[in-house]
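Chain nomenclature is as follows: A, B, C, D, E and F, assigned in order of appearance, with residue numbering initiated at 1 for each chain independently.
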Amino acid sequence: MPDTAAQQPVRLAHLDAHRYRDWVARGGATVIVPAGAFEQHGPHLPMGTDALLSTTIAEAVAARTGAKVAEPLAYGYKSQQKSGGGDHLPGTISLDAAALIAQARCVLAGFLSQGVANVVVLNGHFENYQFLYEAADLALGDVRAAGIAGEGGSTPSVLLLSYWDYVSEATLAEVYPKGFPGWDIEHGGVLETSLMLHLRPELVEMERAVSHPPASLPRFDRLPVVAERTPETGCLSAPDGSDARKGELLFEQVTEALATDLRRELGTP
Amino acid sequence: MPDTAAQQPVRLAHLDAHRYRDWVARGGATVIVPAGAFEQHGPHLPMGTDALLSTTIAEAVAARTGAKVAEPLAYGYKSQQKSGGGDHLPGTISLDAAALIAQARCVLAGFLSQGVANVVVLNGHFENYQFLYEAADLALGDVRAAGIAGEGGSTPSVLLLSYWDYVSEATLAEVYPKGFPGWDIEHGGVLETSLMLHLRPELVEMERAVSHPPASLPRFDRLPVVAERTPETGCLSAPDGSDARKGELLFEQVTEALATDLRRELGTP
Amino acid sequence: MPDTAAQQPVRLAHLDAHRYRDWVARGGATVIVPAGAFEQHGPHLPMGTDALLSTTIAEAVAARTGAKVAEPLAYGYKSQQKSGGGDHLPGTISLDAAALIAQARCVLAGFLSQGVANVVVLNGHFENYQFLYEAADLALGDVRAAGIAGEGGSTPSVLLLSYWDYVSEATLAEVYPKGFPGWDIEHGGVLETSLMLHLRPELVEMERAVSHPPASLPRFDRLPVVAERTPETGCLSAPDGSDARKGELLFEQVTEALATDLRRELGTP
Amino acid sequence: MPDTAAQQPVRLAHLDAHRYRDWVARGGATVIVPAGAFEQHGPHLPMGTDALLSTTIAEAVAARTGAKVAEPLAYGYKSQQKSGGGDHLPGTISLDAAALIAQARCVLAGFLSQGVANVVVLNGHFENYQFLYEAADLALGDVRAAGIAGEGGSTPSVLLLSYWDYVSEATLAEVYPKGFPGWDIEHGGVLETSLMLHLRPELVEMERAVSHPPASLPRFDRLPVVAERTPETGCLSAPDGSDARKGELLFEQVTEALATDLRRELGTP
Amino acid sequence: MPDTAAQQPVRLAHLDAHRYRDWVARGGATVIVPAGAFEQHGPHLPMGTDALLSTTIAEAVAARTGAKVAEPLAYGYKSQQKSGGGDHLPGTISLDAAALIAQARCVLAGFLSQGVANVVVLNGHFENYQFLYEAADLALGDVRAAGIAGEGGSTPSVLLLSYWDYVSEATLAEVYPKGFPGWDIEHGGVLETSLMLHLRPELVEMERAVSHPPASLPRFDRLPVVAERTPETGCLSAPDGSDARKGELLFEQVTEALATDLRRELGTP
Amino acid sequence: MPDTAAQQPVRLAHLDAHRYRDWVARGGATVIVPAGAFEQHGPHLPMGTDALLSTTIAEAVAARTGAKVAEPLAYGYKSQQKSGGGDHLPGTISLDAAALIAQARCVLAGFLSQGVANVVVLNGHFENYQFLYEAADLALGDVRAAGIAGEGGSTPSVLLLSYWDYVSEATLAEVYPKGFPGWDIEHGGVLETSLMLHLRPELVEMERAVSHPPASLPRFDRLPVVAERTPETGCLSAPDGSDARKGELLFEQVTEALATDLRRELGTP
């Protein structure tokens, strides 16, 4: 394994602790924590889709920015009917709020207290966002209470984002030529399917995909869920028209936009 | 993807939810949840060693028994000096008890409440064990409180084990010809290094391994840790004499013993 | 106090427990729980704005549907910079996730376990939503674990919504003739100011309002907050062009849409 | 709205955050947090009685001392049979200990960390007291851990009290000419009824009040409650002899005594 | 050890589990759980006073009623200045609310789920009461959620009491010939000292007792505590006039009253 | 009571707070906290065995080292089948992880924050260990967050150990002439029985002891427990061959080894 950081693995789980220690000690280290879910994604996508996507995007962003990637949070918050079909569906194994917050809090506080300058939480499961925010806020409090400051006495920082917020208007127009249906019902739809076709084609079975109209869901969340409101596939919109080329476009545009944003915000190379 | 269960991926994250649903509905489904850690393992092993090993062993056991493998718990309980060198070492990012218990409880309760007949927690990080036990006990309570029974009204069950408890005396004798130093100081030592050399050789750098006498630690745990008691490498015993052949022996013997035990206990094929 | 339900106060805090008991016993009772926040809203709006608005809207909806209104959750989740200016601003007193979830869970479980058929959580503070969802899910689990079913053995239900999701396109076009800037930066802006000018004009001081361009915030959340990114007023968009007439329009349209939706969903009169 | 503090609203929810910020910055700011309950109070008093009373008393004390009043904690700890009739009664919607502590802790820590010199928790529901005490203790710990000191480096303080502890012997003698039955069974009795008749007569229906002997309860608490031990009204003593004049006497005497005590203790004007 | 229950030890910790099992199986078993504290009690009483007293009283009551005594909760809730001098005093080692509730909840749920018909929590530390109440309520919920009913399908019950609530007026008059100062300041005073002189004279050093006027404390609790408000001894009233005869009187009267009450309430012999 | 520390009681519950305060102020104070369980120990040993043994050993160690002994943690973590027979057995009353951690955390933080230099947790119940470790780690964090340092600015320390880890090979050879069966199945066996015969003979009934082969348990933990795997006695190995002489040997050797270790580690006399 070469000893220049750029040639070392971006995945921290594949790096040894001595190299990690030296990398952090050089200052300005950025760790990306991908967050996903274990969630049904219809008959054509695997249950690990959200973590696979956020992790792969994190690796690509890390490769462009000198950041490194922590192990993903592979289980996410309860799937909600309006964004993921609902937590009642087989194949969706979720954390409750306390579990997700506690796990993310420990991971973030761990990196921050070891001198990592910035932690970026890269979210790939809609329902996670607010709980990851709470985790970040609590972790920073933990670090403060333990009397730990960042390099040069500065406070370390956490950035939290969902990767789809970096899809540009231009990309949307190409991916959804008939008009974008909205992020909320993009569960098992064109975005995720195209990305998977580009990144993990061996895990996608387009011949099992089912065409159906997008889910028409009320403006409220109702619990317990009225199960019939979710299409039988478990997808909120059909993956009709997904292809690897769209996936490549999405992937390249998003990782570039994300890398640019991180460089600007964090002053990384 | 072929439609006979035996040919489908053992990793649930790679399977679609409809196939998962059908597999569970057939009855007798066993899901293995690997538990690991993100922990320094000296200069020659990667920080993800524990989760990599428990996941790979889980996959091999699943392939032999028809079980399937959930995403690993990639972060573990705080590293203790007497078994992992200590939680103060760079590269060790740990969960506290509440976070680990909460996460594992949700994951176990999730599978059990969907009709999975048996969940096997396959542990690869010494410090995790008791917290995983608590998670299993609480998850079964959750499932009971929700009024869910297993197939035919029987209670679903959880099995919890650490993979090294399946290393036989004969294997020990071969792997440690000069005598076995004890599991407690097998951190970054011959067992883990040999297994990694067999399973993930590209992640091991034997030329960075350091030979040193085994750690001599007191009978008590002291907190805060007296840092000098941990060898500088972070390993509690040196990996001297590790090789891929020993790794293969360990891996084959342990997976076979584990598969045999699960078949006998759970009545799986 | 007259003894027909329609003439009794819609606010449960003003009703006696015997009348409440009889009302619930008649079946089909719906209780609306308004959720707000105690949060800076710039120099021209009072800190209680979110709870005042959600409570007033709840009362109007209740008057139209025969529902009753519980005491509001007057403190909300931490203000986030991208939707509320940030939790660092004086005058923002927030609950953490655990506190908000615990409080809402107890309140919801309380009503559900007494035989209330439907609880509607009417949210008026953007950041609350996911935590209220968790509270609803946990409360329903509590009710199940306690062996309580709704009338006729049916499960009681919880509806969760934010009132701005009921603003129609037509209303938006009238309220924002130059184009709608997005709900996220509608903090202390035209919507809230106009509603307050209609409903609680004595608490608004338009002469203190400051005109400034809308906040330009990054796509990520950063913690700790970069304070300068929030406009000095604390508002994310200026209240320019707010007036009581717009407030009346918003109020009437939203309450009617909400009442209609509840009637359709819950079968209430 | 006039700009001298004395003329601004005492209710913080009605004040804007800029004025609040300036008021706190002047030093010595005291915020009163009223604590109540949502609890059955018999057939003649509304369920919001406890919060209505503690809030109104808080406003009067604030007007006399220059303090300001935060939004009340409108839900309280579980009603106990010996002081509130019991938590099993319809119309009593309670928080458990964790929820009440968490909520009050966040609110107190919020004000203290923004530089408020003193927070006074004014309790109006017997069962709350110990949980509010815990919240105060934990909030002060939070503020310390965050490294926040009060003005001039002094520690901010919390005062906790129940308003009935300020009823003088002379007042008692007038209000209860036949002898005081004890605070514990003053639930829905002469004190609360008279205060409500003075302060919120439109919410009291004396014609629905029922005369009955005071509850005779054992020296122990028993759980689950023996329901028949609570009088059918839900009141522990009858409101016989309540009138607005007694309410006025109680209100004036208590607010004056409380204001005097706060002035002496906190050095406020 | 004789095999009739009456001759077996009243302390469960001294009994074997087989005899316990048989005793419970006979039905109607009552277990008393003493609750105390580890708290400074001035210069003349030991720090374990509260648990020693509640345990000894529990044993005497058990001997009279056929009940048995569980191990005491030896650590109690934070000492408050108005009832115990304050939690800042050396020698006071306290549990926070969550810890005390969690511990008592587990202990109570444990006995109830094994078929014990009644658990009596006998409190000897003023500050504990409300947290023990919460524990009892939660434990009964746990037992219900686990689907456990008492003998004959009846719900098991918990009784909660403080032993001083059983001191009669007649006893008070004899013990305090100059008038009773109130339970709140009976910390390290005549009641506790006399009881200890009767029950554990070897642990009392009257020659170290200090005579001082009773503490004069405000009607509010203030945190952080104004330390000077607690007398230097740590006692809230002086033990002047304590003697073993008063202790015997108190002990005999209280245990008899308690035993009578339990017999009447629980139908035990 | 004599005033030299050596002659004062080793049990802190029997000491007054003023002497405790002075003892701590002299510096270098060591407090031993015994941890046990309330757990079935077969037909011949009492349910309090674990706490009785750890407390008695703690007292002997304290007498040799000048340490003092806090009240034991009398309830322990859930009994596991492989080390204690299982939590389903009558007479086993356990704490869950959260309760045990919370209780021990408060007790440890209490002593450490009062200036005690070292706290030694002396464990006597196998299942407790990891939860006590977590408590120690959290307590030290609490003390740090509160800004408390030990004497001379040094950090106070916690030592955690199980007493059986101090049994020497020589002692084992004498106590188990036919070979040592392993600590895991030493539940109600020769070690505990012999120690009790030496220390508390009046609580042991050897005539009720049952001879049976040691339990043969699988390498995994299974939940819910397969009850038949635990011998009917509840002991994992029979107490055959136990006697008071072995108990004395064990007791003397262990207390001496422990005292020696503490003196060396903590620099106590």
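Everything below uses one rule, namely that a contact is a pair of C-beta atoms (placed from the backbone, for glycine too) under 8 Å apart; a residue touches a chain by one contact, two chains touch by 3 or more.
Predicted model, so just to flag it, every value in this text is computed and none were measured.
With every chain reduced to the mean of its CA atoms, the largest distance from subunit A is reached by E. The greatest centre-to-centre distance from subunit B, using averaged C-alpha positions, is reached by D.
Taking the mean of the C-alpha atoms as each chain's centre, subunit A and subunit D sit 46 Å apart. Chain centres here are Cα means. That of subunit C falls 54 Å from that of subunit F. Along subunit D, residues 96, 98, 145 each make contact with two or more other chains.
Interfaces, counted as pairs of touching chains, are A-B, A-C, A-D, A-F, B-C, B-E, B-F, C-D, C-E, D-E, D-F, E-F. Against subunit D, the residues of subunit C that register as touching in their complex are 1, 11-18, 20-21, 24, 38-48, 51-52, 70-72, 74-75, 89-96, 98-99, 102-103, 105-107, 110-111, 114, 203, 205, 208, 234. Residues 141, 144-145 of subunit F are the ones that touch subunit A when the two sit in their complex.
Residues 145-147 of subunit F are the ones that touch subunit D when the two sit in their complex.
Every residue of subunit F that touches subunit B in the complex is listed here, in rising order: 77-78, 80, 87, 96-98, 101, 120, 127, 129-131, 133-134, 136-138, 140, 155, 157-161, 165-166, 218-224, 261, 265.
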